[in-house]
């Protein structure tokens, strides 16, 4: 999946937020985000949108890993536990896939393995190839 | 609501992403994000997580506007339309509120007023005051 | 939209639950459910699944009203307020639609007009005509 | 958990729909629904609301299994695959729980074990005991 890793080097938002892709295989992906000051909100905990961004990256990588363009159409995220430091991890698993739609579950955990957030995402799968 | 505006000056993630709070009143808020290169994903459209971040800011401001701490527990977001440039706007409206839980609808629109995403968020309301 | 009303006469689940379709036009629909004993759960309030069923009917009617088959792929429902008697109403509004996907917001209210639940649903639109 | 089984005998909506509770333990539950004519919609597939009802029952049983009243506040359901006959099963797993909020994942499968729907639900936990 070297080409997927190259592909996601162009994701400027993930770079801006500071997310590092660790692994990718067909239908799954794993990433991490080391908590920095710029991830915090006004009450000094990691911003929900930073957690979403981490989960969204592996969602995007996993759903595009089959080689055709997948576009996010719906996401549901539940926040279980606050985090304020250390490293957060996200792991995407493919739950279902047909030629048009696919669904993924992403678990965001902290260093102790505790669940920080649960993310359920659906993509619409286009016919366009990622690498024409 | 000057104190809310001050409060959100401490939101370092919103600042990192480049979101500007425009208005806040009890239960509602409005913000904008001028699309920059760092908001784009690998296929040059605005990243879903950037759109989420914009919506999440007004969700947070609106739900904390009553003066007690509100913590996001669940969000559902539907992406309607891709955006790649210009300025995006988000507006939060309070849908329901009791002493423990409250719900908000956030509409993200582009300069032409077209709907880019619809965000439905729920908070758990703590007893802690924002300004003790 | 007489044909839509006929079409939904075949919805045996809606009939079983006791839902009455009141109105349908392109992209929207309205229905009601008079609360009966069989809608109640173990603590004598209207079952979340009964409220979902009412909302789901207008979602289905509104999304199929354009004449091509629309299949529900995702729903998010937030329950705001308990109900235990009287009549509940559901109204569906089309939020967005392209040839493949469409989204609807359904508000469930009681007789006093208070919001009982907010339902956000997405359909996948097939090419099949409802009436060949 | 005999008392939970007794408790859910009072769920008139589950009875009306035709759902049978199979198992309950702390934080989890399993049920089944034999597909009958009254579960079908206008195009002869199992109604989304019937599938929701099945999932919602185990969600309710699992979240109330700790002995204090749990009230559904948000549900996200994704429909993966149509079903038209046979028996459907739902299984609830507790994902997280604190004194105020808890989250559950419910998988709805058919006889072949294929995933029909994935349901993510959140409850607000009251202080009231189920059996005073």
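Some notes on this structure:
A, B, C and D label the chains in the order they appear, each numbered from 1.
Note that in this section contacts are C-beta pairs under 8 Å (C-beta built on N, C-alpha and C of every residue); 3 or more make two chains touch, one makes a residue touch a chain.
Keep in mind that this is a model prediction, so the values were computed, not measured.
Just to note, of A-B and B-D, the chains joined by more C-beta pairs in contact are A-B.
Of all chains, C has its CA centroid at the greatest distance from the CA centroid of subunit A. Of all residue numbers used at the contact between subunit B and subunit C, over half are used by both chains, marking a mostly same-residue interface.
A straight line joining the Cα centres of subunit B and subunit D is 32 Å long. Centre to centre, using the average C-alpha position, subunit B and subunit C are separated by 28 Å. Here the CA centre of subunit A is 20 Å from the CA centre of subunit B.
Shared interface positions of subunit C, i.e. residues touching 2 or more other chains, are given as 73-74, 76, 78, 122. Against subunit A, in their complex, subunit D makes its touches with residues 76, 78, 80-81, 95-96, 103, 105, 115, 118, 120, 122.
Considering their complex, residues 7-8, 10-17, 37-43, 47-50, 52-53, 56-57, 60, 69, 71-79, 82 of subunit A touch subunit B.
The residues of subunit C lying in touch with subunit A in their complex are 73-74, 76, 100-101, 122, 124.
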